[in-house]
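The structure that follows is given in the form of structure tokens.
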Amino acid sequence: MISIKNLNKNYGSTVVLKDMNLELGSGRIVGLVGPNGSGKTTLLKILAGLTSDYTGKVLIEGSEPGVDTCAIVSFLPEKTYLSDWMRSVDAIDYFNDFYADFDRLKANEMLTQLRLNPKQKIKTMSKGMQEKLQLTLVMARNAKVYLLDEPIAGVDPATRSLIMDALLKQYCEDSLMVFATHLISDVERIFDQVIFLGFGEIKINEEVDRIREKYGKSVDEVFREVFSCLVSL
Amino acid sequence: MTDPFDDKSPIYLQLVIIFKEKIANGTWPVGGRVDTVRDLAVQFRVNPNTVQRALAELEREKLVFSERTSGRFITSDEDTVRGVRDHLANLCIREYADRMSRLGYGSDVILKMTEEYIREKRFSDNRGVREKGEEKHDFD
Amino acid sequence: MFGKLVKHEFRATGRIIPFVFLVTIFMSLITITGILLNIDALIGVSFFFLIITLIAEVIVTYGLLIWRFYKTMCGNEAYLSFTLPVKPRLLYFSKMLVSFVWVLLSMLVLMLGMSLIVLVIIKGKDTSIAGIIEGIKVMTDFLGFSDHKGIAILFIIVVTVFSILGGLTSIFFAVTLGSTSRFHKFGIGGPILVYLVEYISLQMIGMLAFGLIPLALEVTVRLDEGLSYRLVSRNMIEWILEETKRSATGAAASEVGLIGIGTYIVLPIILAVLFMATTRIVEKHMSIR
């Protein structure tokens, strides 16, 4: 599904991704975890087709990120990317017009599930509500790849549970979901596989149950250990 | 719902035990249909492939079987279910006995203490059956 | 897909801009009422507000269009724009088209208001509307436009279209370039800085092209026959120097004038280059902050 070979990306003289190689298959939920500034967002932006000045080879279903991959990749950025004058229904219309794989029924179902009012303007929504709306739009697509950047960072624990339920309900079983987060303990059970990213490099790329078996610890604990070492170095 | 999992060990193995308990105590009745993978994943808030893996393990142990069109079902074989219950019971007892012996008790003492405990009715079975009017003291 | 982009662009911009026009038209109607009913107090007040709304109308239209362009091509909303399954240049083209339509409409509204202002000014003087029209006719006859009405009208249309497109091109270029990473340290000042530099450069290039490119319109003034035109290959500076020398000798002013038109060749080329540069920046996603 996703194939990355020798991917390098710099911002000026700062190296953000260093010679990365990665293959990700379909039907999986992959946790992309790492401290702030480890390159998670940059990697997702490259996969989403937003950043194009990288070196190396990135293929999604055989195509480089571009118009073709945008049609099958559903990206949830950290930012609010909807116009603030829109109501939920307007945003749904917009997505429905542009994405052939958008499922309006699914979107409405999710709005109800997440307790959002379709007529409310984005301007008057709280940050959490905006995040829920964006997640609705992103998950209502029957996409082949979902890229979620910190989808639960800005919400309270109750909403977090609601979102997790919605994610598990709406997730297409044969698609690939890459879920970037630094709140591992809340979500590690929904991962198949986890990738630890530190300073632009993959430190660990393993099945989560394998990690628990190998270390006798939760993924969160292993994460803390791996990165406390890195930070102290 | 209290958290049934411990993140320190593989979730799929814990799911196998949880599912077996449900079959053993009849929450999942003999011959009944098993919820879909997606439903179970949502119910337990775990990865669908993890549920799949646990169910595959149950299938391997002949506790559930798939019918191509209509989904998964619990075995109708009462003996198999009884076997699972006995197996789980054995696991509990072994763990209990191990812990007691780690505390330094010999077999005779363990037996005697257990017998006393049960006789004094401080023990309540998992259905919470007690004398009428008496309050439950369990916290779960 | 281009059609959908245009549709949603109109939907987003069409929430406010028409109301700006409506306010202007409303003020115009009040002024007209004042003129028709001959109420001087009403004319006085509405005249004042009409001038303000006319200025505001154009500024607000441009402002809204530029702000929308910035937000959806460079700001947070660019994250959505650039993940739509459409070629990025189509985003740019759709915004150019829709902005063009709005600016054109705002110009029409402006012209409507300006003609009203003219009416107010001549009111009470001994000029009538018929007199004005007669005046315009005499003027166009003298300028030699009356014989080539078709060409004159076409010329006005072409100039209007190109000046609107040119203006938008230079603004959108400044916004896009000013949002690329090398201008990030200036924040929102980046686009403004680029625009100032761009504007001054364009003015200077325009002036130089006006004076130095040996291509000019030679205008012969004959009071009885009006003006006649001829394309000549001379540059303005040379001509000005000659004229200065001539008038220094005390000779009578020549009846032949020269207007350099190099600017109108150079500027469109430069704007076309800026248009392509913007397309390129947009295609490479470099404007996203």
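Descriptive notes on the structure:
Every chain is named by a letter (A, B and C) in the order it is written, and numbering of its residues begins at 1.
Convention: a contact is a pair of C-beta atoms (placed from the backbone, for glycine too) under 8 Å apart; a residue touches a chain by one contact, two chains touch by 3 or more.
Here the structure is a predicted model, which means the values were calculated and not measured.
Overall, the chain located most centrally, as judged by its C-alpha mean against the mean of all protein C-alpha atoms, is A. Comparing the CA-atom centres of all chains against that of chain A, the greatest distance is found for C.
Separating the CA-averaged centres of chain A and chain C is a span of 45 Å.
Centre to centre, using the average C-alpha position, chain A and chain B are separated by 35 Å. We define each chain's centre as the mean of its Cα atoms; on that basis chain B and chain C are separated by 79 Å. Counting partner chains per residue, chain B has no residue touching two or more of them.
Residues 11-12, 48-53, 67-68, 70-71, 73, 75, 77, 79-83, 85, 94, 97-100 of chain A touch chain C in their complex.
Of all residues in chain C, only 1, 4, 7-8, 12, 15, 71-72, 76-80, 82-87, 181, 284-286, 288 touch chain A in the complex they form.
The touching residues of chain B, counted against chain A in their complex, run 5, 7-13, 38, 41-42, 45-50. Interface residues of chain A facing chain B in the complex, by the touch rule stated above, are 27-29, 161, 164-165, 168-169, 171, 173, 185, 188-192, 208-210, 212-213, 216-221.
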